[in-house]
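The following blocks contain the structures, represented as structure tokens.
First subunit A sits with subunit B, and in the next complex the same chain sits with subunit C.
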Partner chain A sequence: MFLIYKSKMGEEELAPVVKSRPSSQTAFYAILAVLVVATAVLVDLNYGTPAERLVFSEVVIIWGALLLLYFIFNRPFIATSERFRKTESWVKRWLYTTNHKDIGILYIVTALFYAFVGGMLAEFMRTQLAVPQNHFLNPLEYNEAVSIHGLVMIFWFLSPLAFGFANYFVPLQIKAKDLAFPRLNALSYWTYAFSGLLVVLAFFLPGGDINGGWTLYSPLTSNTFMPGPGPTLGFAGFTLLIGSITISSINFIVTLVAERGPGVTWSKIPMFTWFILFTVVQMLFAFPDLLSGMFMLIADRLAGTIFFTSTAGGALLWDNIFWFFGHPEVYIVLLPAFGAICEVLPVFARKRLFGKNAILVATFALVVPFSFLVWGHHMFTTPIPPTEKMAFMVSTMGISLPFDVIVIAWLITITGGSLRLKTPFLFALASIVVFIIGGIAGVFLASVPLDMLFRGSYFVVAHFHYVMVGASVFGLFAAFYYWFPKMTGRMYNEFLGKLHFALSMISFNLLYFPMYFLMDMPRRIVTYNVPSWTLPNLLATIGGYIFGAVQFILVANFIQSMRNGAPAPANPWDADTPEWEPEQVLEEVNGGFTTPAKITPSLGLGVGNSPPIAKAPAVDALRSAQQAATTTQAGPSVVVRHHVSTRPIVLSGGISIALLGLAMLQYAYLGLPILAIGATIAVMSIVGWAWDDMNSVFRIPEGITEKWPFTQVSRLKLGMWSLIFSDVILFATILTGDAYIRINSPTWPAPNTLHPIVLGTISTFILLSSSPAAYMALDSIRKGSTRGMLSWLGVTLALGAIFDGFEFYEWWQLFSQHMYPSTSNALTTYFFTVGIHATHVLIGLLVMVYLIIKGLRGGFTKSNHEAVEMFGIYWSFVDALWVFIFAFFFLL
Partner chain B sequence: MSHYLTLSAWVLQPPTVVNFLSEYNLFLVLGIGAAVLTIGWLVYATVKYRVKDGSKDLEMKPSGKNDNLRAWLTAVITIGILAVALITAVQATQFLYNAPPGPDLVITVYGFQWGWNFTYPNGYSDIGHLIVPANTTIILNITSKDVFHTLGIPSLYVKGDAIPGQWTSLWFKVTQTENITDGIRCYELCGIGHYDMVANLSVVPQAQFQEWYSSVSK
Partner chain C sequence: MDEEKRRFNPIPVWLAVLASTAIQIASVYKLRQYSVVATDTLILLVGAFEVTLIGAYFMHLKFEQKSLLAVALIPIFIVGAMVFGILASIVR
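Entry: the complex of A and B
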């Protein structure tokens, strides 16, 4: 895959390399640092353990690799060669890009990498289960494999693959220039990529990786039952991913509302984009809930809170938090595939989509809201009241209705058309067929009495693999083949595509259909000794091997076609959605997109407009009269339409290193230094990011568009409201969890016994009085007074700081009385909730420091002070939150 | 699978089994029916309306207003199927949570890593073996000593979670004496011994049970 980019331009047009020091050297020192840290970590973690000898050999291997690198990188003739400069430019482009197409490609490639990771784990499991009483994996390894397979496949493969396509095609389908926040988009990608590496890295730490299943049922996830830095790192990586997803959801929502191109009204939005919108709305609702659950879990493991280990909260609290997120998640991975099917079916059936509005209404009015009302069907065997179970049964069976509407609409669409059985269409049909089978099995699982057999059995495994692997992945494969010509400018090999389809469909059913018959076999058991389970397991393993192997046909097909495939016409499928229209290529170097100085010149090799990975675009095939008019003379590949930033990757890297240190903190001396290094890198890149903003290094123009229903709301403000919306869910979950624990606790301290009301009231008044001060700051700058704004910001900053001081004073008071988070349920909830809120205040304080510095430099004017307003919204929200927290802990 | 369909044998089956199977068979018939109809439709349409690869200049046809009738018809049929399924499911659920009156035996079950402890009213407890009398309503009160487990008896179609600090109840009644090795299993991942968290189930005649029960009484 390491292709050298070949430009149509002559050599003399290549920009000179700017840096005097070859980046090979930088890379060498970076890798050197990583290896030294890795060696130190290994030695530190394993010193004095039985694994010491093993570690020695690993150290030897690492330093051997180091020597090798030395010889590779320090050979000057490579470092200065033209070839290397091109490679360097190529690498830099992928590391620093913020272009939605590039990031889309990165998402897709990374998702396929994680699919390989998760797939290998699956093959290990199937090997272990092929025959009874097998000893290929030991129980711990099996439990790790089963957990990480589930997590990686859902969160690091399926959703990101869908969002790779969304990144690439949503802006094209709505004629937007890019996503609303390109750097945040890059940040989402890099946190996603690194968080997965953290989870994989956890395998090699003491304690192993997460081994409690992807549902992470507590209290198995507590320190008592799953000790060690490995699981903590896994949870930290997962939490980081949730952060990435939240940023991404906000980005897409704002893009869809505020960045649509001229003339793209809501009614003109294509189906795929609609389904992405539904998906991100669900994500914005569902993931903050899981985020608060993960915060509680990590606090349990690191700070000694007892959310999931005490019987007041415990297993049922986690169940509720997890499945309130977990069931919508099922639709989050399903809906993008549905969107792709809605695109593919009409194009290949040559017949317009039947009941487009019915599909949209069914999805948005029924699936999206109802997905949050069915989580209880995962809890039919818990002691929740039977009436609740029946209510959940009704809602769960009810949610199958909108899916019936969608499937019927699809069937009517293909009936009477002129079906061209190309690979994308075949995969779309395959997706529908397996969705029907898996969906009907889902109705079985909605029934309480049937759950008395199926709960926790392989029937469930069969069901959700039919809907997730079958419906979702096949749907995304359809999208992959469908859009491949657009992404690469080349056609894929149709025969290999059809072969991939046929073998996938056969082996998929061989793999999962036998599992429907394993109704009494428990999930996640490492081995078994029941004669009737042997044959289905063997068949599934054979199917699993074939299914895994045939996926390489797809990879081989795409790699081969990218290099040597037939040039693709501009619109090979005669589709009429906007992404197939020839693109307007705009000269944007000086158009406000970015300042030319910040572009690494060698990055200008057609990024953004020409096919990203393949060779030079097949210009002849693309050239139409319309396009010829819009492209510049030298062809599309010389147009720089790109903005780069080193901040996202460095920031994500810093956070990841910090999390590694955090996980090791209790177990190794190196934890603290690693945490400090990571945090320093992260803080420095945040400061750098702020610096970029202050100096307008990275700027994208506001979209010119119809923004209904938010006609007067700017891009930033909409982003802020979305963020606050997700924060509301976060705090709602936390406070609901607190209330749940309080109701279930046998005792709870009366008001004014634990927390002095007087102190609390004073700090409340201080915080609340800072809101008017923040408003006064905004008011001043609206009137044009920078001085007034700075003074009022100073007042707000002081009040906020005093408030946080009061909170920490009370913490200190409690600590000095030997009251810790682990002391009681009341203290657990108090420390956690107030801690999260105090962190929000702290973030507000830091933002104020930024605003004050920018204000001092004259960064705000009467007409340009959006950041102050954004801060005001955030600050008022944080203040309002405190009222609830104050009432809960101090007054009630 | 065949025993699901032999209706005459149901008379002798335990009530929880009959409850499950009647529900399951209904779902199976409706589900397979729906699957055959929809997938059949899809395959038929695909085969009938396919065109050769080389066909060109195919205009997009309109989506077709005549299909509205077909859509409504299918929707009504699906709603009917779901309604039937739902009504029976509600009935079957109510059955699950109303233990029949009559002689019963309440046994406390503690799940632990990794095994089951069955404690009888007389204080006798056994790890890994549940002995119950036939034709008696058995009520299991289940909890856990450490992590989340799920007790399941697949042959009787009952299942209940063992959660620390929570109590789950289930009931069953067995009509015929039997001995099932590993008849009780854990259905929730609970650590490295999850696969081996099994217990045997023995159903013995009432007289024999009384004899055994008094012999283990303290």
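Entry: the complex of A and C
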């Protein structure tokens, strides 16, 4: 039941206190002064020149590197005083935690930071549009601002905010001890946090940031129209975020399916958790599609493929790929807020939620599947066939019906209830009202003829801000106030809350309502000179300023209340969902957790499964957790499940640095070393991760949980299958794109002309033979034969390596005949698809190396060999993919 | 589930997969000159059969709880929608 915590951190902590060294200190300040002066001179010399961005970016990078070195070598946190030691523990706790509550809070705080980034960009745009013919931003800057505002608000603020709450409350609502894979959860968080930094950093690289709109319409986003490492870095950051989201969705799906506490059957799952489930199911299937698109886009930019620059693929292919993801995405940002509203309304109306099952069925049976069937309504103004437009119009009208069910159920819930008009309720109500207004506008857009009229106008801008800012953000604000007492143990200030609500609602409408009247003003324009547009724009800007400023009330309220707010009772709203039940935690006595105690959540952040920060600084707490594991074994109801890992943050950092290097590769000498450093860090932390696993540093035993209908399926296997499902979408998108290009190409090489069938057949036979070999490895260890397993793994490894060798041999053959990805459509699709597949094989090879080493060290036994089974499933899946790829390029 | 029940002899499955590939290749050489459409259809159908075999045996789906199999239908539905919708949008 217990997790034994092992880490080198303990020893590090005891490092001797650094004494002050006067001579080196003088030198330090001298160097610092020189650097500051040099920076000032550099900036001054280059200000306003074309080299401006490059120089600024280098200054930022150099200062960042210096700061890092300073911290690494000087370790200011360890030095000097007790206070610094505490700070260090505190910092380490937040950097290395894998606890779901901690990570939830990290998500929320980080999301607010990105809201500030995206909000500032919005204010810049509103300033530019306040009056006609303004010159506050130039056109390129405006385009960057629009694009990054849209992307950051959706992907780095709105969704992550929702997932902050999901992290914190989903495990509590289903009585799980944590998410199924806590380290992967930390990895999701850190890749999310860093990926946003990459996107922000891209502003300072040559070429600037992404400036083709949040829809990234290619070929506008190709090298021709958007050259430079800046946009590439932006795309790389976005791609990293997609990785983070995919890991996160798998984690939540497995948690919801297999980690529910005893007695928490499906029918007992609270509404918020249900809606998170709907959201992650959509995320699991929508994001891999976008990931393929991003890979193609980046390949177009860096490897010379011509997916979106040739006429065979081009803009319409991007449109399809993007919107197949894009429409589910609008529900992905909406549904968590709906879940929160479903929690808040009944509690504050003191009634049961009306039509709970109708809401669930409508969402799960209609919204979730249909969201993948309506993407064409974003393509009404493209030349796709009219019949298809009609089909998409009908399906779109259909998908609006379940939302009527939901809204009606909500309205019935609150009518006749004895309402408590507290801030959470007010925001929930506002969310519904605004959603109705925004939704009605959406119905107009679903009709082909009206959409022709409104497409690309400020009417659309008004529509989606009503839905996203109004419905989603207000819904999540409701969640914010509602759960604040649980998360902090203190009450927020009700007056400030209501003030925040009232001013937000007023300024929100002042900001966006005028835009409904700007039906003839195109969106994404940098300035205008039409008299009738002046007033609405001015009003919107005033509203925008107020709306932005008002949000600081919320921040102030929270900071103030967290420190000085009235202590919150355990269940301040009399809610009956499980997250309000008192949790069992271990009370800290003399630096060790010894006494299990029932407590109310008033001890500060992270109470419960992790040590309260107010009492125990992290490192000490971790040590105590270790002790507790031994001292409290008698009490089976008490589980210490605190585990930390340095791997997630280091791995994410390494990947981010590597991506920075990758983006700069073609433009600067610095690119290669940066790429190498980042890759080295990443590889080292992956090896470290494997090392941890091999030594069971971080082992989570399979608990007793509700798992119907997957009673027989292990946690790991569910994770593996979820991963495979998402990979199916990834490859389906790639192959559909290939087929699309092929059908559109005037000519296509016949079988056996470009790719020799003989070569393909040999490599296919080799790969297909490796699946049975992998099975034999599993069969051997099931019978207890480690030797047998190792030999069969060796065979599989050899076959896989030979297969990849064949693929690269064919590449080399093609290169030597001067055939490159850019040569033709056929070669673009071939190199790309086979390349992605070969990478999958390569990953499998690395996993096998790990399995073999672990096997050699006696890590697998007759009863403990799940990793071997998981590997076999993955490996056979990669083989199965090849069947289609082989057919597509060699036989058809 | 009982470990013993999850065991099978991989050799017939392996041979069936290889034989299917052989059929695919033979059809390119022998059948394609008569009808490209028929050949391509045959190749795809045989490919689907191969993938089913791999999924059922080497990915152990045949031995898993049936609910997992049912869930595996979701991505197939979504992929179907994607392939159909995207290819139907080709402008001629």
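Observations
Just so it is clear, the second predicted complex is superposed on the first by the 759 of 892 C-alpha atoms of A that agree within 3 Å, B and C clash if a C-alpha of one lies under 4 Å from a C-alpha of the other, contacts with A are read in each partner's own complex, and residues count from 1 in each chain.
One rule holds in what follows: contacts are C-beta pairs under 8 Å (C-beta built on N, C-alpha and C of every residue); 3 or more make two chains touch, one makes a residue touch a chain.
No experiment lies behind these values; they were computed from the predicted model shown.
Contacts of A:Trp375 after superposition: subunit C is touched, whereas subunit B is not reached. Look at A:Leu316: by the touch rule set out above, it reaches both subunit B and subunit C.
Looking at the shared chain after the overlay, A:Gly213 reaches subunit B, while subunit C stays out of its contact range. When both complexes are overlaid on chain A, the residue A:Arg787 reaches neither subunit B nor subunit C.
After overlaying the two complexes on the shared chain, residue contacts for A:Leu353 are found with subunit B alone; subunit C is out of touch.
When the two complexes are overlaid on their common chain A, residue A:Arg857 makes contact with neither subunit B nor subunit C. In the superposed model, A:Leu419 makes contact with subunit B only, not with subunit C. Once the two complexes are laid over each other on the shared chain, residue contacts for A:Pro383 go to subunit B and to subunit C alike. The contact surfaces that subunit B and subunit C form on subunit A in the two complexes overlap at residues 316, 383. Remark: subunit A residues 138-140, 143, 146, 211-213, 217-220, 225, 310-312, 314-316, 346, 349-356, 358, 381-383, 386, 389-390, 393-394, 397-398, 400-401, 404-405, 407-409, 411-422, 429, 432-433, 436-437, 440-441, 443-444, 446-453, 455-457, 519-520, 522-528, 530, 574, 576 touch subunit B in the complex.
Subunit B meets subunit A in the complex at residues 16, 19-20, 23-24, 27, 31, 34-35, 38-39, 41-42, 45-46, 49-51, 53, 55, 58-64, 67, 70-71, 74-75, 78-79, 82, 85-86, 89-90, 92-97, 113, 146-148, 150, 152, 154-155, 157-161, 163-169, 182, 185-195.
The part of subunit C that touches subunit A in the complex is made up of residues 1, 3, 6-7, 10-11, 13-14, 17-18, 21, 24-25, 28, 32, 40, 43-44, 47, 50-51, 54-55, 57-60, 64-65, 67-68, 71-72, 74-75, 77-79, 81-83, 85-91.
Taken together, the subunit A residues at the contact with subunit C in this complex read 285, 289, 316-317, 320-321, 324, 369, 372-373, 375-376, 379, 383-385, 388, 709-713, 721, 725, 728-729, 732-733, 736-737, 739-740, 743-744, 751-752, 757, 761, 764-765, 768-769, 771-772, 774-776, 779, 782, 869, 872-873, 876-877, 879-880, 883-884, 886-887, 891-892.
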